[in-house]
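Chain naming follows the written order as A, B, C and D, and within any one chain the residues start at number 1.
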Amino acid sequence: MAEPTALDRWEQHTQVPLMTLAVLFAVAYALPIVDPGAARPLLTACQAVNWGVWCAFAVDYAVRLWLSEDRTRFVRGNPLALLAVALPLLQPLRLLRLVSLLLLAGQRARLASQIRVTTYVAGCCLGLLVFGALAVLEVERGRPDATIHTLGDAVWWAFTTMTTVGYGDMAPTTGWGRILAIGLMLSGIALLGVVTANIAAWFIARFEMDDEEERRQTAAIHALAEEVRSLRAEITALRQAADPAPGPPRGTA
Amino acid sequence: MAEPTALDRWEQHTQVPLMTLAVLFAVAYALPIVDPGAARPLLTACQAVNWGVWCAFAVDYAVRLWLSEDRTRFVRGNPLALLAVALPLLQPLRLLRLVSLLLLAGQRARLASQIRVTTYVAGCCLGLLVFGALAVLEVERGRPDATIHTLGDAVWWAFTTMTTVGYGDMAPTTGWGRILAIGLMLSGIALLGVVTANIAAWFIARFEMDDEEERRQTAAIHALAEEVRSLRAEITALRQAADPAPGPPRGTA
Amino acid sequence: MAEPTALDRWEQHTQVPLMTLAVLFAVAYALPIVDPGAARPLLTACQAVNWGVWCAFAVDYAVRLWLSEDRTRFVRGNPLALLAVALPLLQPLRLLRLVSLLLLAGQRARLASQIRVTTYVAGCCLGLLVFGALAVLEVERGRPDATIHTLGDAVWWAFTTMTTVGYGDMAPTTGWGRILAIGLMLSGIALLGVVTANIAAWFIARFEMDDEEERRQTAAIHALAEEVRSLRAEITALRQAADPAPGPPRGTA
Amino acid sequence: MAEPTALDRWEQHTQVPLMTLAVLFAVAYALPIVDPGAARPLLTACQAVNWGVWCAFAVDYAVRLWLSEDRTRFVRGNPLALLAVALPLLQPLRLLRLVSLLLLAGQRARLASQIRVTTYVAGCCLGLLVFGALAVLEVERGRPDATIHTLGDAVWWAFTTMTTVGYGDMAPTTGWGRILAIGLMLSGIALLGVVTANIAAWFIARFEMDDEEERRQTAAIHALAEEVRSLRAEITALRQAADPAPGPPRGTA
């Protein structure tokens, strides 16, 4: 209903380019891990895309901050966006740049319905699964005690972790690998929660048993309406007794 | 209430034969895996049943498409049925034919109540458990590193996977085995969600604490009814004052 | 409100003795497993208690069937009680006698409130945990590949199974052990569901956000009451105009 | 609204000092485990803090008991506080002193909203995770079969346990270690329940589908209001017929 502000217009216009950049970032992140023996210029290009995308998101944050009417409130109301821009400065936490993209996407998606929240959480879980697997593969590959050696191993391990099955045929052995694994476990719990909550909400909304109190209310309202109708009939009779003229009554709206 | 359409009649008449075919397919699927040393003609018969059932379901889909009033809407509204017919063309995904049968059964069951949804999900989980175990057994048996060697092993592994316990005493080691395992894990999460949601919905429907707002409404309605009753008494008094004749009032309905 | 029937009186009087018998059965079940080297007469006594308790429950079922007004309905409405009496005839499923006791206890408890259902499920889980551990210990102990050797091992394994953690440092290796384990896993899922559903129901009942629709209803009812009140004032005025006598109106109840 | 009692004032004034003491206790608990080779006077100081904090909580309980109006009711209504003060007398259960602190904190927090309950449960889980890991490390370190050797191992194991993933690459092998592990598993289930319940409550409150019955009620109320309005118009007409004078009616409030 309200006139879109400059901020709304900016967010609307930048949505598609930012999502394109995010996909580009994901490719540039995955490629050097999937094929570590790729040509040197390709790896350099990936590195460049990596940083370029981060810059684009930093610029977007700055513009949105500048366009917002109340800047203190914007910073406070978007702690995740700030974190998403600030975090990747720590080099080893490159994966967090992807998490930051997911956060920015979530912020833009305005999670207004159950379907959107579910889609967003499922999307995040899928993203974390794939990129968590890639990150763990990068960290674990080539370590003496490692059990995760190939991309297939890493994806399989990520699934067993996220579904909380945890066979233990593979498990990270390095500190970073384990930190990433904890992230996957917590996402798995969130996923489980969203799945269950979804089904529960659907059951309750669709198959809710009759609410006794409400049916009694409906009955009371109908009895009351009946009472008022007979009251009206009585007044009609009263008026005809007082003023037996067949013409329309004076003063009726 | 509405006249059953040709489509409704077709679906009603084909329900029993299709379910019989599905059971036949399940037997023909399981037999060569459980007893790989069975006589050659028996295995050939199983193969034939396998394809025959798929043909029957494809024909059923075609007839339903042809009988439906709005074909574009039918195709769009039944993506799973199309998938179920199209998928088995990929030979290694034979198990998906079974999933497709479950999907078709689900579609026909018109999941109209909580009990039906729960029965359907539980049935799907049981079906996936048994046939997932069979499929993994077929894929893993005889591999050098395999830990799953017998039907008992496979069923035990399927249970530990689906309940997300995941001891890890057995785990698939081949690519296809792991893909099937991921399917079981996801079904397990769905099952867990349905179990929890069911109990939650039952608790909420049966033991819901008093709703403060609703009780205030009931009180307001009763006060209003009291007000209207006294209003009526006053009008009765007024009418007797205006028209003290003992006869019935004129003009009353 | 209704007069208690003969069946009600029987159930009320037998509650305490049956629970005492159940405790006796549990002790007689556990003792030979915990201390297999106990004196022979003690083990014989346990065996006797074992069968005596089953007889008592069979008699209870028979009496309840005989006292019930509609016997077909009683058998149909109590399938679990029938199962509980019929099952233990299969010798190796001795543990099911305990499950049957839990079922009978549950039936008597008339699960009328959330707290009761939770207590009952938690009690069942604890019972299954302890006696599942005992049963698995009995089955696995002394097997060449077994990993469960002592009572401590068995209880620890039962906890890792029921919480779906499943480290895999211990796992049953025999067929019966695995069947018992599957029972524990499914109980674990039920427990998880009840815990979550409980918290969800409590959150929803206690912290439910304002229901927009209901508040609009309350407002509408109050506006309506206001309308009726002013209507009444108008009628009072009308009556005073028609009949200005200070006395009480004729015909008012 | 009510005047704060002496008990309320005491609880308000002691909140900050008690929380400070709790942090001190946590540090004194953790230090000797993290660095067992610390200087002897430091370890002695930790022991002293350990007991000092317990004394402070015991005194707090005593004062609250003394200030309460109905002492029997206070003891009965605060079983956890009593347990929290009484339990640590058993030397090997030192960790329970921490649990007791969490219980006391929870009691003071008056869990009045969903956010508070969630924060409290999440805080308890984090506390149990960190201090459970420390306690298991203390118990397992140096045992011949142990798989948990360093603080990193212990925290990693605690995460895999609490999320119910349970790889099994590490697992406690001593009795005390396993008892602590069971505590972590049960906390993990509680955490899972709270996460799911939270999301479910949020979905239900925010995205609840239209309630058919309620919309029918709203319609009935509006129809009734319409009826009353036309009734009023009729009475106005009636009054003008009976008393056509333009002046204000007599006797109107």
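In this section, a residue touches a chain if its C-beta (ideal position, glycine included) is under 8 Å from a C-beta of that chain, and two chains touch if they have at least 3 such contacts.
No experiment lies behind these values; they were computed from the predicted model shown.
Peer 1: Shared numbers divided by all numbers used: is that above or below half for chain B and chain D, i.e. same or different?
Peer 2: Counting which numbers both chains contribute, over half are shared, so the two copies meet through the same residues.
Peer 1: Roughly how big is the turn, in degrees to the nearest 5, that lines up chain A with chain C by CA atoms?
Peer 2: In degrees, rounded to 5: 180.
Peer 1: Which chain's C-alpha centroid is most distant from that of chain B?
Peer 2: D
Peer 1: Looking at A-C, B-D or A-D, which one is a repeat of the C-D interface (more than half the contact pairs shared)?
Peer 2: A-D
Peer 1: Could you tell me the distance, in whole angstrom, between the mean C-alpha positions of chain B and chain D?
Peer 2: 38
Peer 1: What whole-Å value do you get for the distance between chain B and chain C if each is reduced to the mean of its CA atoms?
Peer 2: Those two chain centres are 27 Å apart.
Peer 1: Taking each residue of chain B in turn, which ones touch at least two of the other chains?
Peer 2: Within chain B, the residues that touch at least two other chains are 164-168, 192, 196-198, 200, 204, 206, 214, 217, 221, 224, 228, 231, 235-236, 238, 242.
Peer 1: Can the chain contact pattern be summarised as a line, a ring, a star, a complete graph, or none of these (other)?
Peer 2: Here the contact pattern is complete, since every chain touches every other one.
Peer 1: Can you list the residues on chain A that touch chain B in the complex?
Peer 2: So the residues of chain A in touch with chain B come to 152, 156, 159-160, 163-169, 191-192, 195-200, 202-204, 206-209, 213-214, 216-217, 220-221, 223-224, 227-228, 230-231, 233-238, 240-242.
Peer 1: Please output the residues of chain C touching chain A within their complex, sorted ascending.
Peer 2: 164-168, 196-197, 200
Peer 1: Quick one: in the complex, what on chain B touches chain A?
Peer 2: Residue positions touching the partner: 113-114, 117, 161, 164-168, 171, 175, 178, 181-182, 185-186, 188-190, 192-194, 196-198, 200-201, 204-206, 211, 214-215, 217-218, 221-222, 224-225, 228-229, 231-232, 235-236, 238-239, 242-243, 249-253.
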